[in-house]
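Heads up, the next two complexes both have subunit A, just with different partners, subunit B and then subunit C.
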Partner chain A sequence: MTTVGIPQALLYYQYYPMWKTFFQHLGAQVVTSPPTTRGTVTSGSARVVAETCLPVKVFCGHVISLVGKCDYVFVPSIRSIERDAYNCSKFLGLPDVVKAVVPECPPLLDPDIDISKEGKRGFYLAIYALARRFTWNPLKVKEAAEAAWQCHMRFQSQTREEGITLSCALSRMEDGMPSDEEGVNPSSATIALIGHPYVLYDEYINHRFLQRLRQLGAQVVTPEMAQIQELDRGVTRLIGKPYWTYEDEVTGAGGHYLDSQVDGVIAIIAFGCGPDSVMIDVVKRYAQRVSKPFMAITIDEHTAEAGLVTRLEAFMDMLRRRQGWEGKA
Partner chain B sequence: MKVAMPHMGHIYVPLRTLFREVGVEMVVPPLNSRRTLTLGAKHSPEFVCIPFKLTLGNFIEALEMGADTLVMAAGPGLCRFGYYAKIQERILRDQGYHFEMVTTELFESKLMGVANLVKRLSNGAPTQKVLAAIRFGLAKLGTLDELERVLHQVRATEAEKGSADQVFQQALAAIDGADSRAALKEIKNRYLMKLQQVERDGETEPVVVGITGEFYVVLEPFSNMDLERELGRLGAEVRRTTFVSEWMKFSLFLNAFGLSEKDRIHQAAAPYLRRDVGGDGWESVGDIILHSHDYDGLIHVAPFTCGPEIIAQNIFPAIKTRIPVLTVICDEQMGRAGMLTRLEAFVELLRRRRARKGLAVAALVP
Partner chain C sequence: MEIYLGVDVGSVTTKLAALDENEGLVGSLYLRTQGKPIVMVQQGMRDIAECLPAGAVVRGVGTTGSARYLAGVLVGADVVKNEITAHAVGATHYVPDVQTIFEIGGQDSKIIILRQGVVVDFAMNTVCAAGTGSFLDQQASRLSMKIEDFGRQALESQMPVRIAGRCTVFAESDMIHKQQMGHRTEDILYGLCEALVRNYLNNIGLGKEILPPVVFQGGVAFNPGIVRAFEDTLKTKLIVPPYHEVMGAIGAALLAKEEIESHRRETQFRGFGISDMSFHTSSFECKACANICEIAQIMGDGKVVARWGGRCDMWERTSASVEQQA
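The block that comes next holds the complex of A and B.
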């Protein structure tokens, strides 16, 4: 049986159930790389130039850990998933970079997804071309794609309707078990955590930020818990038309949560992230305008845990005092 | 109305002409300086690239001089550049400046888009006049680029360093002042001659160094710390892969007919990079392969945190047959001495490489 390897990094967090269903329906076996460790980051960083953003370094580390464990590695080039909004360069050139820096890698499955330029037809053709390695039967491809899409919809609705995080929904889908984060105690403050899923849910690179936040008694809301329309409105409010794919995860969520009832907003961004470097500025300016507590944390492979914890605690203390003052007033 | 645009090389000369011809006053902010960069960097997001910071600095300096209409290219592209105008507008408004921001989608709208923009700024000058003005502006741009090409050659072998640059500065002033196409032609011939007459010395066949990379930092000497001039001083002949006039020719006219100057570069890059990654990353990879025989070495300039160029850099080591490549990253933490040392070492490496190649050929031929 053919084995397809999926690196547990970047878009894994929002699309894994869909990808897995698709390949399984085509009769392939799916393996994922183990969660990020120090080794993953080190081996990935050693291959690419230092300036490359942390998520891509991590991704390369995951590809390296898949070498010898599968027949193909799935590295799509997701160019755009809506009209006139493109992904950042690192997503566009991901397969080429992987080929260049991990030459020992098994053959890549690297479809180009470009809805803006190719339209729906191009999208279907790309999927079909991808599936040709497994089957000649177009009906089987259609069936697999439909099953994958259903699975993706189910996955998305879980986070949106039940208010759980992507990682929680992922572990529920994988093991059928609710993870420990469900049934959170009533808390002192609600914090919106914004950022891309591969930064928010990779516990190694963000030093278990989400859990720390919860331990400090915060209830956490994340971008994927908001409705799509709310996120779109957030983008419109802050910047007008979206320019980048996945902009709703930062700008949209920022715009939405800064105008909502949450007590504070924390953004986690990766050092060297092109889109976020400018978008976070927009969110920050908006936070100032509506005077909502806001903190942006930039992480890279050197982030010292203690510094991060100090900033987080200071932020929570600040919120507590603020609540006290507002209570008195 | 006082119009201002950011600097990029000497593109302000044709732009000033263009606006003068249609009767619009243009404020040209001081050329990029440390002050421009400091002002820009102070108000910019920390990790944004240097073109953003410098162009923002230009806008601030122009607003200080009384500009009230800022013109900036924008629109969906694949890198941060398309977003500059929106973010810069916000930053400047937060600083309390009053102005109108006019953006043009240069890549989409072609010649007529630019013509319409100029028409709008000039309060409805006749289209005929606008087109003539654009044509005259482009002629000046072409002349500048032609002179600059010669300058690159002369610099490498001039006897007294800096004399070719003096001639070029005079030419720049003369071109700026030229008011008719006939005068422009006369100026061009005069200064081409003058450049050729600069006293030469030194190597007869200097090493050839190509310059490629991100559009803005290739073209704006302040952002790359006068890379071309320093290379010339070291006795290397510079071949720049990008000229504004050529780029304009294609983006304003020929692309509309489905001609792309870049097809050849993209084809060359295809074995290593199959996709457009935004900005100029694809071209950087292509240039290295395309020029592996006619250049001795290549300098790749990129702004710090530039996504497309990072992709290109990651791909360079995988390219098999290639000439030496030196990547120079540009940001506000510039150290001239450090860069000079690297350039000296690089040029020295190319010289030795060429000498060795010469020996190898001599050994083969009895």
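The block that comes next holds the complex of A and C.
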């Protein structure tokens, strides 16, 4: 049986159930790389130029760890998923980067997804071309794609309707196990955590940020818990028309949560991320306008835990003392 | 007399403060950490014990600074607080209506924005230590000048030169270049002060509403050159409070007092005897998973006092259970 390797990095967090279902319906076996470790980061960053952002370094590390474990590695080039909004150039060139820096890598499955330029028709053609490696039967491809889409819809609705994180929904789908985050204790403050899933849910690179936040007594809400319309409205309010593909995770979630009842908003961004540096600034300005506590945490491979913990503790202290003050007033 | 102690162990200096029950400062210490936080905390405890009047009883102790957890287990802290909160509490004690706090220490710098006595916003320097005390120290020693004389000499400047302050490496090469061109030392020094202030305001001060009263504290507030550069740039008078260099420690002591009084409990202070205990630190690599974390272990008189440094809480849990058994 053909084995397809999926790196547990970048878009894995939002699309894995869909991708897995698709390949399984085509008769392939799916393996993923293990969660990020120090080894993953070290091996990845040793291969790419120093200026590359942390998430791409991590991605390369995951590809390296899949070498010898599969027949193909799935590295899509997702250029756009809607009209006139584009993905970061590092996503566009991902297959080429992988081919260049991991020459020992098994052949790539690297479909080009570009809805803005090719429209739906181009998207279907890309999927058929991808499925060619497994079957020549178009009906089988259609069936696999439909099953994958259904699965993706179910996955998305879980996070939105039940208010759970992507990582929680993922572990539920994978092991059928509810993760320990369910049934959280009544908390002192609600914090919205915004950013891309590959930064929010990679516990190695963000030093277990979510867990630390909960330990400090926060109830955490994340971008995927908000409704799509709410995120869209957030984007519209802050900048009008989205420019970046995953703008809703930062600008959209920022705009939405800053106008909601949460006590504070924290953004986690990867050092060297071009799109985020612009999006975060927009969110920061809006936070000042509505005077809601906001903090941006930048992480890179050298980030020491101490600085992160200090900022987090100070932020929570600030909220607590502020609540006390507002309570008295 | 009842005493509340605050210990602030920073990257470069270790500060201790002792307050009485009326929150008046009884004694304070300002020591160089010299890369040996444990030894300095022990020495600091020994020295501060000598400052205290006879019959003084320690009711509470708080720690802060980048080594706050380490200092916390050494002294048996009642509160372990981050530097932001500690500095804000310390500053509001002396300047109750403070709205902005600049704090520049050895390796980090902070800005804290308060409104009506409550922290509403803050920022710390991120990946770059440009414009902090260590850099000034380094440049002073390169010019074979005592850091204490740095600011005074900078004030004599008539025609400050412009120095790039974005990066310490560039600032240094810029300074050397200006020296070799024949500019006067005081003009270079004040130019450096201006560069650091510019860097501070453009980085961590970016987008912050800096309203008076502005309090400037931390070790760098000793430097009158930096104070003047801030005042010239902001066109506002800065308040450098008394004991500004130990403000974090004062804040930690006040927080300890608040904690003890609000919970009406006894302190966990281990006593001044810790100065004579022998503490050993060691580290090892945990091989339980692929992360291979470096775990630091602190032993006091042969017993494990604390372990940390892991990505997970495996060793922290173990040290807790070891303590229970002991």
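Please note the rule applied: the second predicted complex is superposed on the first by the 329 of 329 C-alpha atoms of A that agree within 3 Å, B and C clash if a C-alpha of one lies under 4 Å from a C-alpha of the other, contacts with A are read in each partner's own complex, and residues count from 1 in each chain.
Heads up, the rule we're going with is that contacts are C-beta pairs under 8 Å (C-beta built on N, C-alpha and C of every residue); 3 or more make two chains touch, one makes a residue touch a chain.
Since the structure is predicted, the reported quantities are computational estimates derived from the model, not experimental observations.
> With the two complexes overlaid on their shared chain, look at subunit A and say whether subunit B and subunit C clash or fit.
Partners fit side by side after overlay.
> Give the label of whichever partner, subunit B or subunit C, reaches more residues of subunit A.
B
> Name the contact category of A:253: first (subunit B only), second (subunit C only), both, or neither.
In the superposition, A:253 touches no partner, neither subunit B nor subunit C.
> After the superposition, just quote the angle formed at subunit A by subunit B and subunit C, using C-alpha centres and rounding to the nearest 10°.
Spelled out: centre of subunit A as vertex, angle of 80 degrees.
> With both complexes superposed on chain A, which partner does A:127 reach: first (subunit B), second (subunit C), both or neither?
neither
> Contacts for A:84 in the overlay, against subunit B (first) and subunit C (second): which applies, first, second, both or neither?
first
> For A:271, select first, second, both or neither according to whether it touches subunit B, subunit C, the two together, or no partner.
both
> Mind working out whether A:285 is in touch with subunit B, subunit C, both or neither, as first, second, both or neither?
The answer is both, since A:285 touches subunit B and subunit C.
> State whether A:314 touches subunit B only (first), subunit C only (second), both chains, or neither.
second
> Of the partners subunit B and subunit C, which touch A:243 in the superposed model: first, second, both, neither?
first
> Does the superposition put A:101 against subunit B (first), subunit C (second), both, or neither?
So A:101 only meets subunit B here.
> Answer with first, second, both or neither: which of subunit B and subunit C does A:34 touch in the superposed model?
Only subunit C is touched by A:34; subunit B is not.
> In whole Å, what is the nearest CA distance you get between subunit B and subunit C after the fit?
5
> Starting from the residues of subunit A touching subunit B, keep only those that also touch subunit C in the other complex, and list them.
Residues 271, 285, 298, which sit in both footprints.
> Tell me, which parts of subunit A touch subunit C in their complex?
Residue positions touching the partner: 34, 37-39, 203-204, 207-208, 271, 284-285, 288, 291, 293, 298, 300, 302, 306-307, 309-311, 313-314, 317-318, 321-322, 325.
> Quick one: which bits of subunit B touch subunit A in the complex? Just the residue numbers, please.
44-48, 52, 76-80, 82-83, 86-87, 90-91, 94, 272-279, 281, 304-308, 310-311, 313-315, 317-318, 329
> What residues on subunit C touch subunit A, complex-wise?
66, 81-85, 116-122, 124, 126-127, 207, 289-293, 311-312
> Which bits of subunit A are touching subunit B when the two form their complex?
Of all residues in subunit A, those touching subunit B are 48-49, 51-53, 77, 79, 84-86, 88-90, 92-93, 95-97, 99-101, 103, 112, 239-240, 243, 271-275, 277-278, 280-282, 285, 298.
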